[in-house]
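Mind looking over this structure? Questions follow.
The chains carry the letters A, B, C, D, E and F, assigned in the order they are written, with residues numbered from 1 in each.
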Amino acid sequence: MVIEPIVRLALQEDLGAAGDLTGEAIIDVNARGRWALRARQSGVVAGLDAASLAARLVDCAILLNIHKVDGEGVAAGQTIAEIEGRVRSVLMAERTMLNFVGQLSGVATLTRAHVDAVKGLKTKIVCTRKTTPGLRALEKRAVRLGGGGTHRYGLNDAILIKDNHIAAAGGVGSAIARARAYAGHLTAIEIEVDTLAQLEEAIPYAPSAILLDNFSLADMGTAVARMGGKIPLEASGGVSLENVRAIAETGVDVISVGALTHSAPALDIGLDAL
Amino acid sequence: MVIEPIVRLALQEDLGAAGDLTGEAIIDVNARGRWALRARQSGVVAGLDAASLAARLVDCAILLNIHKVDGEGVAAGQTIAEIEGRVRSVLMAERTMLNFVGQLSGVATLTRAHVDAVKGLKTKIVCTRKTTPGLRALEKRAVRLGGGGTHRYGLNDAILIKDNHIAAAGGVGSAIARARAYAGHLTAIEIEVDTLAQLEEAIPYAPSAILLDNFSLADMGTAVARMGGKIPLEASGGVSLENVRAIAETGVDVISVGALTHSAPALDIGLDAL
Amino acid sequence: MVIEPIVRLALQEDLGAAGDLTGEAIIDVNARGRWALRARQSGVVAGLDAASLAARLVDCAILLNIHKVDGEGVAAGQTIAEIEGRVRSVLMAERTMLNFVGQLSGVATLTRAHVDAVKGLKTKIVCTRKTTPGLRALEKRAVRLGGGGTHRYGLNDAILIKDNHIAAAGGVGSAIARARAYAGHLTAIEIEVDTLAQLEEAIPYAPSAILLDNFSLADMGTAVARMGGKIPLEASGGVSLENVRAIAETGVDVISVGALTHSAPALDIGLDAL
Amino acid sequence: MVIEPIVRLALQEDLGAAGDLTGEAIIDVNARGRWALRARQSGVVAGLDAASLAARLVDCAILLNIHKVDGEGVAAGQTIAEIEGRVRSVLMAERTMLNFVGQLSGVATLTRAHVDAVKGLKTKIVCTRKTTPGLRALEKRAVRLGGGGTHRYGLNDAILIKDNHIAAAGGVGSAIARARAYAGHLTAIEIEVDTLAQLEEAIPYAPSAILLDNFSLADMGTAVARMGGKIPLEASGGVSLENVRAIAETGVDVISVGALTHSAPALDIGLDAL
Amino acid sequence: MVIEPIVRLALQEDLGAAGDLTGEAIIDVNARGRWALRARQSGVVAGLDAASLAARLVDCAILLNIHKVDGEGVAAGQTIAEIEGRVRSVLMAERTMLNFVGQLSGVATLTRAHVDAVKGLKTKIVCTRKTTPGLRALEKRAVRLGGGGTHRYGLNDAILIKDNHIAAAGGVGSAIARARAYAGHLTAIEIEVDTLAQLEEAIPYAPSAILLDNFSLADMGTAVARMGGKIPLEASGGVSLENVRAIAETGVDVISVGALTHSAPALDIGLDAL
Amino acid sequence: MVIEPIVRLALQEDLGAAGDLTGEAIIDVNARGRWALRARQSGVVAGLDAASLAARLVDCAILLNIHKVDGEGVAAGQTIAEIEGRVRSVLMAERTMLNFVGQLSGVATLTRAHVDAVKGLKTKIVCTRKTTPGLRALEKRAVRLGGGGTHRYGLNDAILIKDNHIAAAGGVGSAIARARAYAGHLTAIEIEVDTLAQLEEAIPYAPSAILLDNFSLADMGTAVARMGGKIPLEASGGVSLENVRAIAETGVDVISVGALTHSAPALDIGLDAL
């Protein structure tokens, strides 16, 4: 249900009105074949749900035999799934399937790298709303498959107070107060602060979480000590594989990393005839 | 028309049914503001068309004053566009706009880097069908804005004969023959070959173009010499910024680079209140 | 954006493929007129946003002059809005507009009655997911306009652990533990308990809120005393205008009322020619 | 086909992009279960078609074993259907299924009460276009299941001349004449009259039916006597369970009741684990 | 509203994901122009509403200056509308606009020919449900513009009893009786008969209309005489411009002609630069 | 995938919100039957894919037993397919199925007639973009089934330079040059010329094909001789079954015929109970 619109859109843009000219020109209408979906790089598999749906929408008789489920690690050369069906159908679905699995496995793989980088520490790696248009549900899920968590899904499921809101409300305190008056009993309220001074302003209003935006490592450490575990602290801004462990070692509870979704290179995956 | 479905999908996934909780909680319903859409890195701008549509679908009274048009270069710190309107509306559209412009400017910027790398040579850099699901039209356009060209748009606008097709047809020659019998007078026929021997098989059938898949630089050079400009040659497989110029120097006409669309990191772009 | 699909669906089901036979048969194509949208009962106005969109989709030249904004009280006979435009267009949109405003004002009005019934107490009245299919966003908003709040919007924005989940997890504690392990730092976790004994089981796991399902007034009082304000308590089950104040007087923080959305009678509203 | 859009919309608004957080957090991915869909009040069942479609769209392997078909009476405590499937899937579809069945059984039940109230008389109870946006086809069908009939489905399937049209045409007679000139040979023409004088004006033009709008019981009786069965008479305006029999006893052929669809309280139905 | 889906579909199939390659390659982005939409054959204009919407969806700044409104006659060489706007936009919309106007003017023109053929007689020419998939609303309207009327719009707005139904019900009489028991007071009931004997069976049940299917002219005359004007008679089957007047002269009330919509040749219309 | 939107649209316009009144009134809900889809005229079958999908969308238990596959010839009276299923379902899908098969078989049949008319010559008959809105993919396929080929599918898959473009570019040569600079290596470029002089201008720029628009037979012959087979020549304008062979005999490679899709009369096909 949830992913069907983007899968349909992806098929439409590859098939247009004319469909697969090459397959129709050359492949016998009844020819059948078998293929292996194989990783050409090691990584974490994701996107098989979307790829399966793409196959089914093209031809519900295509069979997928999954060897590596979503979230499993895969080494270069290993088979992720075997596919069997009419040759015309599989070639029609091939590129769309590969695009989903490649893109989403890329997200899961990059997440896993970040999660591994903070191994042994309590800090959680989460993604943001900086997702590829149309792929939010799939990318958020890929992050989870890679071992990460999520921030808000959208503007609609939690309150996150930023500089524009603080300015509009006339201060940190009144912004949180307005949010509380509006929020339901299940709506979390997080506030983004730029300085330790703003952090002090926020504490008395007891938000659900506080986001330290572009803090230095030293200031993060100070903030963690000041907070003493009472309110979860999130770090964001300029996070990379190089500095993520140092940030986690300051003791922040959550590190949000936009790059997990907006800049993950695709995992190289191909379809080989068997 | 063409990009409206993906823009609507992107807005829906950020707004859900509840809309922007934070804005509704804190921002006065009539408050207005001005913002600058600013590059935080240098690059090539793309995606303003999608961002403008996102703004208009949220609130048709949001005004955009474009400083850098799609395809223009931008330096870190420069303003791409000024935006004015109801604060609630702009905050509602902000992330979707940034996601489009960031992702697509990333594609345009990576394309420009490849194009610059082959400067002075006749070789064209083109993208493939390895695009992000849902974004094909936008990414193909971003590649063009970055100075690149395009391969097929989809399975529907040209014939590309690959290994599966050759196997099904029983050889290179019969595959091209079947394609020609099927094709309209405006349908190009390209064939992908893996070896110089296959190249020889293809030449007598005069395809519109020949794709040299994962050829060594030496073999590419041999192929170019053999061809003598009579049929355009395309190189693909394992192309990167590091080796693209060397490939171009073999004299191939076209280099197709999947990474332009499947692995471009987003360009860092933000929205600053004025 | 968010409400457009249901407004289009509503217009389609009233217009079919043939459109308004009566208007086309009888009304001159250029005739213009003015109407008052009038309450025939007192209540709270809601749904003008949907009605306005319906009008605009039929004919973007229909003008609405709003006298009572969404959320305002209206007495029987008072004008909510004046409408001006081509007679054919207004008659085409009339029933769809009235259905939205009538249905949603009914929700807002019933909510206001519950809110008034607990006046002076701290308890909040909220709606549930027992909404009319297709109208969730509009009905949740109508509840807010009537002075109420909201529970979860959907399955997607908070965790609510019920009997099925407790059974699957093997107990209250392990259910909350699983939820916490899964939840992001902004995801609230509420648990529904049937007895005071279950309440005791839940407390050590510190959920974000506890739902007392079908508790007697006496047990609610005991629960409130036991809790001492540390975790918000929600009452649900069999709430009506008759007993809502007695429930609120037990000291629970939130009362959720499915009837606000699933059983509100429409407010009687009509369109009178001027 | 016809009901699929509203069922998809209902699922989308409950699942959003994130899906069912609670189920994913707590329920084992392979766990299966059985449930009974049970009435907690007596009434007439409707909406099982929509509920079945909702289940199938979530997971086509959910099994429904229907005990009470649409239109059958059900007593409090009785099982309407047994449901079996993956726990995660059923919990994902549960609320949407219950909302459809509850809402539509409410309509069928209220209709049955009106139909029972006029038992033994020839008068037919019908619903109007005052339906819930998006649910017209389902509500019209629920009315039929409750023993009622229908008026126009929409503006598109019959002509109903009201005050605006009479004014535009310059009188009752010319309005009917214009309608006749426009109507196909299968298009019925009904006219709404406010007074006995208007009724007299209409009679010579032989409309297919005449609607007596807000007539007193006495005037209805006079109209019935005057008409002598030659043209069907419909009564509307202010109809309730209290006065519907008295109205029917005047001898009118049809009574249209907007409240059947716009104000029916939902029937209380729940899902119990077995 | 009603025609938007088919207009969007038509544009999508002409533009695909890549848009207008030729325009983008050759036409300056800011170039503007003026064109005349001209008939190359005489006929009746229809489809300007769809063409205008197509233009607006491509570029809302395209201006249409209508010289001949829908339903007006046009001679070869006359201008139907002048169009002004960005050259790229107009060329992008051109073919879609022409396809709508050509196809629908063809329907209106063929209808007018049939209507003219029965001039002076009371018989009405109507179309059927044998319409082009997706174009029913537009084609029914084109028939009206050509002076014809309509039969049922769809299966949903009147009852038409055919041979399958008579067989299922066990006879003409019981079929009509079942229909009457089901029908609302505004639902017309027509029955199709194959012989004069069946006509006799139908008469006592007083259907709203009777369809004489493939009757000889002689039998039609007999039926008309027998009926004496009490129930409208419709003729259908094998109607053409050659025999339509002879059929009308038998005195039938309605002649339904499938060819008006399923076999009308397009009217030749072109776009000339000014 | 590709044809689903138009098939859904066609069903929606026939079923509306109320569905099939006649079937529901008269046919027993469990009654089953068998029918033959029979040609009443000889021709070439097309559209069975769309008809099958229509049947499946109405009721996935309808069985089709195909006797004549798409593209096969059929004589008057022959059975194209046998259909079995619930009577209500089949009657609900009947008209939509027939409209697709009738319309598309009409296209295939008219194409076959043109192809037969040029038998023995090398000239290919192709269709244009003058297709019925919404049916392009289906009509292009029907043309192929009838033995024809296709021109561009849409504006998006090849470049066709016409008078507007030549004027904008300032001449034939510069228009082709601009097109070449823009085109990818798989994009064909055709130019439309009105005179032999324009043909001369075009030749040095080596377009992929040249369209001779409204040339006399004599001029076509001159053009063919001049060209000597180096660039494919297409003839268009005023082609009919009467003159198509004479045109082909001039030696042009391709004749494009708009009438194949915009003016093909439907093939007469009916559904007979067995």
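We adopt the following convention: contacts are C-beta pairs under 8 Å (C-beta built on N, C-alpha and C of every residue); 3 or more make two chains touch, one makes a residue touch a chain.
Quick caveat: nothing in here was measured; it's all calculated off a predicted structure.
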Those chains which touch chain C and also touch chain A: B, D, E, F
Steps needed, at minimum, to go from chain A to chain F via contacts: 1
Of all other chains, the one whose Cα centre sits farthest from chain B: D
Chain B and chain C: spacing of chain centres that average the CA atoms, whole Å: 44
Rounded Å distance between chain B and chain F, as computed from the means of their C-alpha atoms: 32
Chain centre separation in whole Å, for chain D relative to chain B (CA means): 51
Chain A: positions in contact with at least two other chains: 13, 15-19, 136-137, 153-154, 156-158, 160, 187
Category of the chain touch graph - line, ring, star, complete, other: complete
Chain C-facing residues of chain F, complex: 13, 16-17
Chain D-facing residues of chain F, complex: 8, 11-12, 15-19, 57-58
Complex interface listing, chain D residues touching chain F: 1-2, 136-137, 140, 153-154, 156-157
Chain F-facing residues of chain E, complex: 5-7, 9-10, 13-28, 31, 33, 50, 87, 91-92, 95-96, 98-100, 102-103, 106, 129-137, 153-165, 167-169, 175, 178-179, 181-183, 187, 259, 262-263, 265-266, 273
Of chain D, residues touching chain E in the complex: 124, 126, 149-153, 156-158, 160, 184-188, 190, 208-209, 232, 234, 253-254
